[in-house]
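Heads up, the next two complexes both have chain A, just with different partners, chain B and then chain C.
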Partner chain A sequence: MSIAITTQFICFTVLSLVVIIGALGVVLLESIVYSAFLLGGVFMSVAGLYLLLNASFVAAAQVLVYVGAVNVLIIFAIMLVNKKEDLKPINDIKSRRIISTSICLTLLSLLIRVDLTNVWSLSSPQNSIGEESTIRIGEHLFSDYLLPFEVASVLLLMAMIGAIVLARRDVMSQDISTGLPVDQELIEKSSEPLLTNKN
Partner chain B sequence: MDYGLDLEYSFNEFLKGFGLSSEIAHIIWLPLPMLLVLVAAVVGVLVTVWLERKISAAAQQRIGPEYAGALGVLQPIADGLKLLVKEDIIPAKADGILFTAGPILVLVPVILSWLIVPFGQNLLISNVGIGIFLWIALSSIQPIGLLMSGYASNNKYSLLGGLRAAAQSISYEIPLALSVLAIVLMTNSLSTIDIVNQQSGAGILSWNIWRQPVGFIVFWICALAECERLPFDLPEAEEELVAGYQTEYAGMKFALFYLGSYINLILSALLVSILYLGGWGFPIPVELIAKFLNLPINAPFIQVFTASIGIVMTVLKAYLLVFIAILLRWTTPRVRIDQLLDLGWKFLLPISLANLLITAGLKLAFPKFFGG
Partner chain C sequence: MNLESIPLQAFLIVSSVLFCIGIWGLLNSRNAVRVLMSIELMLNAVNINLMAFSSYIDNNLIQGQVFAIFVITVAAAEAAVGLAILLSLYRNRVTVDMESFNLLKW
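Our next item is the complex of A and B:
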């Protein structure tokens, strides 16, 4: 075995172990903060796997979107609402755990079956494009994948407008969660400049 | 355009002369540039710390450090040694694992980003195809480390500082990436080498700062915000938050934050000089000088000369920007958090979007000047 292949094998083993153990940790750990940070680790190792596959642009995009945006927002939300209170005990926790475990195991066996039956090898071995992949991704996004691309952007815009509407309490006269009338004065106060009418 | 020193090739050839296989030679070569860049980054931090102390002293009409070495040049080393031998304290109610992992997560992406900083045609660790995009992706990891250390410290000031750092980092990442995108549009490439080569045509006149003045200002403001330098140092605002997410840290863990922030400052300055100020290019093209002196461009003497000029120019431009950043830190007041977010989302984001649109239009209208 040459040195390059050995290095690649070691990297692959380490990354896969981190992905599997990290993902198990995300699901099984009691502390939600640890789960969130481990999720970031899992995303990073998946990016590492992409790098091993010569897809450096996809790896960097994975880091930027999943680690830099999604995971940061998850941690942000956890820290803003982290009240450190004990969760309410659920009475039939045992049967719930058994059901969810069996569903997960069924899914796993289905995926193993997919892995064993599908033919994974590419038709031509000279298919790797490496550094050129950035250009190739751009070409595909603006030709045959144009419609999904545009639909995704509309979806993101909708999500953004929805978030703004939820965040701006003065759009609605009633509070969504409590049903009480919204205190419009508070919003006006916060946007008032601090140093007016002081002379 | 593929001239200039290729140290890797020469080194490998040299080792092959001793009968080593090319793979072994490559493995021996690999750690050398990494170590060199690490040493360069740390020395750069020492110089910047000294500059910061001296310039802040001058701005406040003090003398600054003067006993440790001539003009106090050894003061940063003394600071570093002090931090090295200090006791490493983990607060009793802090979360030990996250408390230790936080500073590491802050420092490692910053050092990894030096991978793409070129000091000459072949003088960089790796000319990866995604180039500048790698830096944008890596710099987005940093807020996780800040949030982690803010949470693990079990201190309200630390948590607030960490949250502020993450909010700031997210809101300034977008205009930063958009102004980089305008440059990439003009270059047709993400590689830092190509970005510098595209600016090397007519010396100082072809630098991107003339074609992207708005992008330059937006990028510089965002870079300062990403480094948490003073107009934007809310995450560690000492009058409000003691020291933000660093409050509970001591010894080497604090030193990691300290190193990280200064390495990040130098990295940002280097990237501004690469993206907008012609990178390693001399204000007058070296080829013109060689032609004027009737020297062949491929002569070994000229190549060594060009390479050293390149390194000197990159470092000089970067330190000029570091100087401006230090002056800004000691002469401007801090912005409020709402002003900071307003500036990021309501001013810089629309301006950088407009800049991107205009750049795309100009590129199609004047392909000769804006890189067709």
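Our next item is the complex of A and C:
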């Protein structure tokens, strides 16, 4: 990458601060809508980190797939299920919080220790492929990673069909009160929830 | 600072912190949508790791970037199916509170 090293450091610091503070906001904020928009910001900053690592193609894929598709999907899901509800209080919430936080902090200290103490066998920057990485990814995808590439297309097809089947609502074929056939294209009859008020 | 580039450890620490935040959110969220968002955060942390290793250790063959693309694909499929499951759960239970999804509880 041909940016001066000081600029790289500044960009890295800003991007990682946005990533970490944004992620904290995603899990800690009260409003789920703010969380969803912060998540979009986190995804954009991760794409910026990829650009710092000379990976323009993956950065573009990150913006397209995560910000353009996954985040929009999450916002749509929030709009569909966003109902104000009073959550039942949990009795042992405090001990749960303490246990989960200590587990996370232990895992974090372990990971950071591994990051810092392990001796990474860095390769020399001379034979770095640099800006040509998109070409190399294309070569990989159509030679030695061809089978995973094709399997990924099958996976996406399965996910699409599965999502449609799971999210589909059963539509009645005729109106109950009048007995007339219902125009199925636009009308959705809501069915009774199956499992409410069980407990 | 007389370093010639950002150290690899900096990227690894950022991704470790992001992963732990994701796990914390996964364990502590009451809202099912927020659980899905935490999973996306964890997948992104893994992707940062893969990209950093591919840029610093395997910078000629960059197989890590190909892996990151596959992870992005699987994450997109996971988000679609997860949100569809969430919608059908909401339709049956009329809530997204994680504490009420205890049908399989022992």
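Assume the second predicted complex is superposed on the first by the 154 of 199 C-alpha atoms of A that agree within 3 Å, B and C clash if a C-alpha of one lies under 4 Å from a C-alpha of the other, contacts with A are read in each partner's own complex, and residues count from 1 in each chain.
Here, contacts are C-beta pairs under 8 Å (C-beta built on N, C-alpha and C of every residue); 3 or more make two chains touch, one makes a residue touch a chain.
Bear in mind that the values here come from a model prediction, so they are computed numbers and not experimental data.
Following the overlay on chain A, a side-by-side fit with no clash is recorded for the pair chain B and chain C.
When the two complexes are overlaid on their common chain A, residue A:Met79 makes contact with chain B while staying clear of chain C.
One of chain B and chain C touches more residues of chain A, and that partner is C.
In the superposed model, A:Leu107 makes contact with chain C only, not with chain B. In the superposition on chain A, A:Val63 contacts chain B only, with no contact to chain C.
When the two structures are aligned on the shared chain, A:Ser16 is found in touch with chain C, with no touch to chain B. When the shared chain is aligned, chain B comes close enough to touch A:Ile3, but chain C does not. Contact with chain B, but none with chain C, is seen for A:Gly40 once the two complexes are overlaid on the shared chain. Closest approach of chain B to chain C, taken over C-alpha atoms in the A-based superposition, is 13 Å. Taken together, the two complexes place residues 57, 61, 69, 76, 80 of chain A in contact with chain B and also with chain C. The residues of chain A lying in touch with chain B in their complex are 2-4, 33, 37, 40, 44, 56-57, 60-61, 63-64, 67-69, 71-72, 75-76, 79-80, 130-132, 134. Listed in rising order, the residues of chain A touching chain C in the complex are 5-6, 8-9, 12, 16, 19-20, 23-24, 26-27, 32, 35-36, 39, 42-43, 46, 49-50, 52-55, 57-58, 61-62, 65-66, 69-70, 73-74, 76-78, 80-81, 83, 85, 87-88, 90, 96-97, 100-101, 103-105, 107-108, 111-112, 115-116, 120-123, 125, 127-129, 133, 136-137, 140-141, 145, 148, 152, 155-156, 158-160, 162-164, 166-167, 169, 191, 193-196.
Taken together, the chain B residues at the contact with chain A in this complex read 23, 27, 98, 128-130, 133-134, 136-138, 140-141, 143-144, 147-148, 150-151, 159, 162-163, 166-167, 170, 173, 190.
On the side of chain C, the complex with chain A involves touching residues 1, 3-6, 8-14, 16-25, 27-31, 33-34, 36-38, 40-41, 44, 47-48, 51-52, 54-63, 65-66, 68-70, 72-81, 83-88, 90-97, 99-100, 103.
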